[in-house]
Amino acid sequence: MTITIKYFGLLTEATQCHEESINFSGVLVSELLENLFSKYPALKHKNFQVAQNQVLVPVNTKLSGNEIALLPPYAGG
Amino acid sequence: MTNKKPKNVFRQGAISSEFIGDSIAKHQTKTSIGAHNIFLGQVRADEIDGKTVSAIEYTAYEDMANAKFHEIREAAFAKFNLTCMHIYHSLGTVKAGEICLFVFVSSPRRKVVFEALEFIVEAIKSEVPVFGKEVFEDNTHQWKVNN
Amino acid sequence: MTNKKPKNVFRQGAISSEFIGDSIAKHQTKTSIGAHNIFLGQVRADEIDGKTVSAIEYTAYEDMANAKFHEIREAAFAKFNLTCMHIYHSLGTVKAGEICLFVFVSSPRRKVVFEALEFIVEAIKSEVPVFGKEVFEDNTHQWKVNN
Amino acid sequence: MTITIKYFGLLTEATQCHEESINFSGVLVSELLENLFSKYPALKHKNFQVAQNQVLVPVNTKLSGNEIALLPPYAGG
């Protein structure tokens, strides 16, 4: 399936992009992350949460085939 | 004021004192209000390892952030007897001394606004995906993290 | 900002939204501030026995009130890490919907301003000799009492 | 001694004045109040505190010969 992945804040320094679409055949969010860690080794050591379709999810959540966002610590206000 | 669809809380750049003054003025026709409480977040020129923060560049996961602001808004209206609530947050560059967050609550009674405002501001700080790049005077930067 | 002599907190008539906006603007050079908290008291058009409050006429024991405002100010600076504090209260006629009290505190950190503002507003309500005549639309009146 | 007495808020409806100076030979605040209650019977039933020289005092305080203020419940803010 095609997944849109969004990166924010300091994570964009590891990925050098804000958004990408990838074809991925895995089932879980954690599998997708392993794939991204291979592509962007610097990402592995960053602190972030994962949102699927704008809702925070644990990494053992099933991929629904929609939007995934990697969110570093919040700094609003 | 409840059950609306999420609206856009974000404003490009700093929030001006005139905008805040105008927002206060607009509430003077609402004569059931007895107490307003306003929180303003201002960018600090923090000194870190001998370098001074000159601005914060804000970015956000905008759709999720607006949905979260909406959730916080609905929760506050459910929890507190509020007449009005307004939230504005900056995106882009906000210089030291400028205002990046404006939260405005109003109620017939004062006790309510104190509780509600703190609830809303703490929720914004911890639940809304907004990111801040603290830019130093020499153009290096670090990433802000709320505590 | 501490240990000054009492200054005059009172303003004749309502406190305008422009005055509040200007006061906010003046703090944008103070780049150690990270959080402002503002309380505004607004005159409510309460309905009492079928009659509606159209205005409050404020009077005060001015010298004692300014001394009390000063005491509250000193106590707040001693208790909380505040960068700035400003208090303004109306005297004379303030119509329903207009603002009669403006309290403004600023600090590097947000937790401090929430605590400090509530402390100051509660002290003003209970300790400062200010009196309010609620005038109804038919020119009858009753005397307001803080709870 | 001569004492300046100030009245505020709803008390002025009982006294019909905001301030007066009276000669008084008593010792305690409570004696002064008895005197005022004779003069303004409506005052007796009002709720108020007494300040001497801008400080709240109990009614058994000695008169210092300066300013006395009768203060109804506060309504600031």
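Lettered A, B, C and D in written order, each chain numbered from 1.
To be clear about the criterion, contacts are C-beta pairs under 8 Å (C-beta built on N, C-alpha and C of every residue); 3 or more make two chains touch, one makes a residue touch a chain.
All values reported here derive from a predicted model rather than from experimental measurement.
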item	value
Number of steps on the shortest touching-chain route linking chain A and chain D	3
Centre distance in Å when chain C and chain D are each reduced to the mean of their C-alpha atoms	27
Chain centre separation (chain B, chain C; CA means) in Å	23
For chain A paired with chain C, centre-to-centre distance based on mean C-alpha positions, whole Å	49
Junction residues of chain D - those touching two or more other chains	77
Residue numbers of chain C (touch at least two other chains)	41, 110, 121, 125
Touching pairs - complete list by chain label	A-B, B-C, C-D
Chain B residues touching chain A - in the complex, by the definition given at the top	41, 56, 58-61, 63-65, 67, 89, 100-101, 121, 124-133, 143-146
Touching residues (chain side chain B, partner chain C) in the complex	17-18, 20-22, 24-25, 27-45, 96-99, 106, 108, 110, 113-114, 117-118, 121, 125
Chain C partner contacts - residues on chain D that touch it in the complex	6, 8-10, 51, 54, 69, 71-77
